[in-house]
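Take a look at the structure below.
We call the chains A, B, C and D, going by the order they appear; numbering starts again at 1 in every chain.
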Amino acid sequence: MNAVGFLNYWFVVVLMMIGFYILIAQGNLVKKIIGLNIFQTSVFILYISMGKIEGATAPILNSNWSVYSNPLPHVLILTAIVVGVATSALGLSLVVRIHEAYGSVEEDQINEMDRSV
Amino acid sequence: MMSHLPVLQVIVPLLAAPLCALVRHGRTAWAIAVASSWVSLWMAWKIFQLVQADGAISYNLGGWPAPIGIEYKIDALSAFVLIIVTLVGAVVTPYALKSVGREVGTSREALFYAAFLLCLSGLLGIVVTGDMFNVFVFLEISSLSAYALIALGRDRRALTASYQYLIMGSVGATFIVIGIGMLYVMTGSLNMADLAILLPELPSNRTIPVAFAFLSVGVCLKLALFPLHMWLPNAYAYAPSAVTAFIASTATKVAIYMLLRFFFTVFGVHFSFSEMQLGIILLPLSLIAIFSMSLVAIFQTNVKRMLAYSSLAQIGYIILGISFFSNTGLTAGILHLFNHAIIKGSLFMALGCVMYRLNSVELENMRGLGKKMPLTMGAFMVGGFSLIGVPFTAGFVSKWYLIQGAIEKGLWPVALLILMTSLMAVVYIWRVVESVYFSEFDESQNDDCTEAPLGLLLPTWALALLCLYFGINATLTTSGASLAAANLLRIGS
Amino acid sequence: MLAVAALLVVRLKNLFTVAMVTGIYSLLSAAFFTLLDAVDVAFTEAAVGAGVSTVLMLGTLSLVGHQQKEHKTVQLVPLVIVTITGLLLMYGILDIPPFGESDNPIHHHETTVHYLEESGHETGMPNVVTSVLASYRGYDTMGETTVIFTAMVGVLLLMSGRKGKGSDCGEGDRNGR
Amino acid sequence: MEDNVILRVATKILTPYILLFALYVQFHGDYGPGGGFQAGVIFASGFVLYTLIYGLETARLVLPLRVASLCGALGVLIYAGVGIATMILGGEFLDYDYLNSHDAEHGQHLGILLVELGVLTTVFGVMVVIFYSFAGRREAK
C-alpha cells in the first residue's frame, strides 16, 4: 500500500490518542469528559474515512451521479454521536453532583478526602 | 405471538420504562416493573425451551433479511444467559419496593424503576442480537442506566464510583467501537454470522488481530477482568442494595457472554485459540484474579466490598473455565455464570436486608446479628456456603466441573489452586460467621433491630433456595450449559 | 488544525477556553465530514458536538468553576498506555484497505450494494442515509432513541433531588467511618 | 441578560424561525441531510435561547419540565409503538411494509415519517430536560 493511503488513518490515530491521553491522564473531572469527547470524535473520523470513495458524492440519490460514498458508516456514526452526547450529559451531571458533595472536581483532592474519612 | 418472542423479550421492558417515567407514581411504576420483569422471565423460559427443542432461533428486525437488516439470533448460550438475567431481574424487582423506598427515597422511585428496566432491556438486547453494532447500542443503554443507578447510593463515594465506572466503561465501549470498525472495514459486514464466514476467507493480515485485541480489551474492561477491574469494588460497595444485587449478578455475566460470542462465534475457535493463543493469555490472568482478589477480600471490613472483591475472583473462575478451551471447561464457565449470579444475588440481597435495618454493612456493626435477624443471616449463610463450594450447593457443582476441566487438561497445579482459593473463600465467609454468630449484639447502638420485612426476605430466600436446589438437582443447569458449550465449540470448528 | 485544537485542550488550564476549543474541534471535524461526503454526520456533529456539548460543558463549568489545578508531574503511566494503544492501532491500520478507493471490500459487500441500488424504490427516499437509518437499521435507531431517553432518566435521577438534602448528597454518612 | 432590550426583541423574532427551521430539517430529511435527531436538537436550541434570555422561570411557564420529560418518554413510545403496530399488522418488528396494505413503498414512507417523529419528540424533550436540570442547579446555588 502506498504511504498516502494510510497516512490519513495514522493522523486520525494521533488525534484519538491525544483524546485518550486527556481522558486518562488529566485529574480534572470535566477535562476527562472533554478528552472522551475528543477521543470519540476522532473514532468517528476513522469510520467516516472508511466510507469515502475518491470522486464520489454524498449518498443522496440523484440522476446526475452514479458513484456514492458508503452510507453505512454514516448511519453508524450518527448513532454513535448521539450515544456520545448522552454519555457526556450523564457524566457532566455526575461531575456537578460530585462538586456539590466534595467541593472539588480534581481527582487527587477527592481521593484524599475519601481516604481521610 | 410466539414467533415474535425474541424481539418482545427486549421490547417489553424497553416499553415499560417510558411508561414508568410517564406515571411518576412510585407504586404504579413498581407494579409495571414487576409485571414486565416477570413477563420477561416467562418469555425467556419459553425461548429456552424452544431453543433446547429446535435449535437456534433467528428473527429479522424490520423484515430485512440478515446482513442487510439487523438480525436477532438466539442459540443455546443466549437462551441460557437470558434466563440468568431475567431470573435475577424478576427476583430483584419485588425486592426493590422496600429497599429502594428506604435507600433512594420515594420521590425518585418511578424514575428508578425506569432506569432499572432500561438496564434490564439493554442487557437482554446484548444477549439476543446477532449484529455487532447493535451490541454497542444496547451496551450503552445498559451502561448509562447502570451509571445512573449506581450513583444513587447514599454515600457520596457512590458518585465518584459511578463516575469512574462511566469513564472506564466509555473507554471500553469506544475500544469496542474501534474493533467493530476494523472488522467492518475488512469485510463490509456487521452481522456476526456473516462475519464468521467472511473473516476466515481473508488473506493473512495485521488488522484483524488488532481488532481482536481492541474488542477483547474493551469487553474485559466491562467485565472487570484483572487488571482492568479498578472500577468494580467501589461501584458495588456504594450502590443501593437492590442495584448491587442486580448489577453484580447480571452486568458482568452479560459482558462475559459478549466475550464468548466474539471469541467463539465471530472470530471462531481456530483464530481465537490457535492463532491468538487466547488460552495462554487468559489462564494466568484469571489465576492472578482469583488469587489476588480472594486475598484482598479477606482484609475488607465492609462486607459489601468484601463480596465485590469475591465477585472479581469468581469472574476469574469463569474466565479460567473458558481458557481451558475444552467442552468441560466451557461448561464449567457457563454453569458458573448461572450459579454465581444466583449466589451473589442472594448474598447481596441479604446484605440489603441488613442495610435496611442497620444502615450499615460494616463487619463490626453486624456483630451478633445472627440472633436478631436469623432468617436474613440464614440466607446469607446459604449463599456463603455456596460461594465456598460446599457440597449440595450450587457453587459445588460448578467448581466440580471446573476441577474436572483442569484435570482433563493435565493442569494439576491449577486444580490444586482452585481448591486452595476455595479455602480463602472459607476464610472471608468465616469472618462474617464469627462476627454474626459468635459475638454479642451491641444493644446500645440500635435497639429496635429485628428481622427484615417479608417483602425483602421472600425474594432473598427465593434465590437462596435456588442455590440449594441447583446444588442438589443440577440437571437443568448442567444440560443447558453443556448444550451451550457444545454449540459454541461446534460453530467454531 | 484538528491536531492543534486537540493539543490546545491538553495544554490549556482555563476550562472555559478548553470548552470553546473543543467546540472548535467539533466544528472542524464537521467540516472534515463534509469533505468526506458525510453530510448528515457533519450536520449532526455541528449541532451536537459544537452546539449541545459546548452548552452542557459551559453549563457545568459555571457550576463547578473553571480553573484547573496545576499539575507539575508528567504523567508517565498514561503516556505509556496511550503510546502502546496508538502504536497498536497504527500497526493494525497497515493492512486496512487504502483510503478512498472504490474497490475496497466495504463498498462491495451486499449490504452497501443493496442500500445504494434498492433503497430508492424500496423506501422511496433519495437520501440513502435516512432510509438506512430509519428502515434497514431502524432498530439501531430505536436503540439510539432509548439511549437518549436513558440519559434523560439518569440526569433527572441525579439532578432532581433538592440540593443539600442529607440523603441526596450524603455527607459521608455512617458508612464512611 | 434579562433586561437587554435588543436581546429580548431579537430572541422573540428569532425563536419562531429556529423552530420553523427545525421542522424544515425534520421533513426535508428524506431528500437532503437532516432528520429527527438534528431537528430535535435545533427545536430544543430554540427553547434554550429563550431560556437564556427570559430566564428559567419564564421558560418553565411556556414549557414545564414535566411536559418536556413527557416528550422524552413519548418519543420512545411512538418509535416502539410503530414496531408493535407492524407486528399486529402481521409483519416483523419495525417492518414498515405492513403499514400500508397496498403499497409497501408508501408503508415505508409512513413508517420512516413516524419514527423520525418519535426521534424528534424524544430528542427535543431530553435536550430541554437536560438543559433545565443544569440551569436549575445554578439557580439553586
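The rule is simple: a contact is a pair of C-beta atoms (placed from the backbone, for glycine too) under 8 Å apart; a residue touches a chain by one contact, two chains touch by 3 or more.
A quick note: this is a predicted structure, and the numbers were derived from the prediction, not measured.
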item: Centroid-based (C-alpha) most distant chain relative to chain B; value: D
item: B-D or A-D, whichever has more C-beta pairs in contact; value: B-D
item: Centroid distance [mean C-alpha coordinates] between chain D and chain B, Å; value: 36
item: Distance between the centres, which are taken as Cα means, of chain D and chain A, whole angstrom; value: 24
item: Cα-centroid distance, chain B relative to chain C, in whole angstrom; value: 28
item: Euclidean distance of C-alpha centroids - chain C vs chain D, Å; value: 20
item: Multi-partner residues of chain D (at least 2 other chains); value: 31-33, 37, 69, 72-73, 76, 80, 83, 93-94, 96, 123, 130, 133-134, 137
item: Chain A residues counted as touching two or more neighbouring chains; value: 20, 24, 50, 58, 60, 72-73, 76, 78-79, 82-83, 86-87, 89-90, 92-97, 101
item: Sites on chain B at which at least two other chains make contact; value: 14, 17-18, 21, 61-62, 64, 133, 137, 140, 144, 147-148, 151, 156-157, 178, 184-185, 190
item: Chain C - residues contacting chain A, complex; value: 2-3, 6-7, 9-10, 15, 18-19, 22, 25-26, 29, 32-33, 36-41, 44-45, 48-49, 52-53, 56-57, 59-61, 63-65, 68-69, 71, 75, 78-79, 81-83, 85-86, 89-90, 93-96, 98-102, 104, 106-107, 111-112, 115-116, 119-120, 126-129, 132-133, 137, 140-141, 143-144, 147-148, 150-151, 154-155, 158-159, 163, 169-172, 176-177
item: Residues of chain A defined as touching chain D within the complex; value: 58, 60, 78, 82, 89, 92-93, 96
item: For the chain B and chain A complex, residues of the former touching the latter; value: 133, 136-137, 140, 144, 147-148, 151, 156-157, 159-160, 162-163, 166-167, 170-171, 174, 177-178, 181, 184-185, 190
item: Partner chain A, residues of chain D touching it in the complex; value: 31-33, 37, 123, 130, 133-134, 137
item: For the chain C and chain D complex, residues of the former touching the latter; value: 39-40, 42-44, 47-48, 51-52, 55-56, 59-60, 62-63, 121-127, 129-131, 133-135, 138-139, 141-142, 144-146, 148-149, 151-152, 155-156, 159-160, 162-163
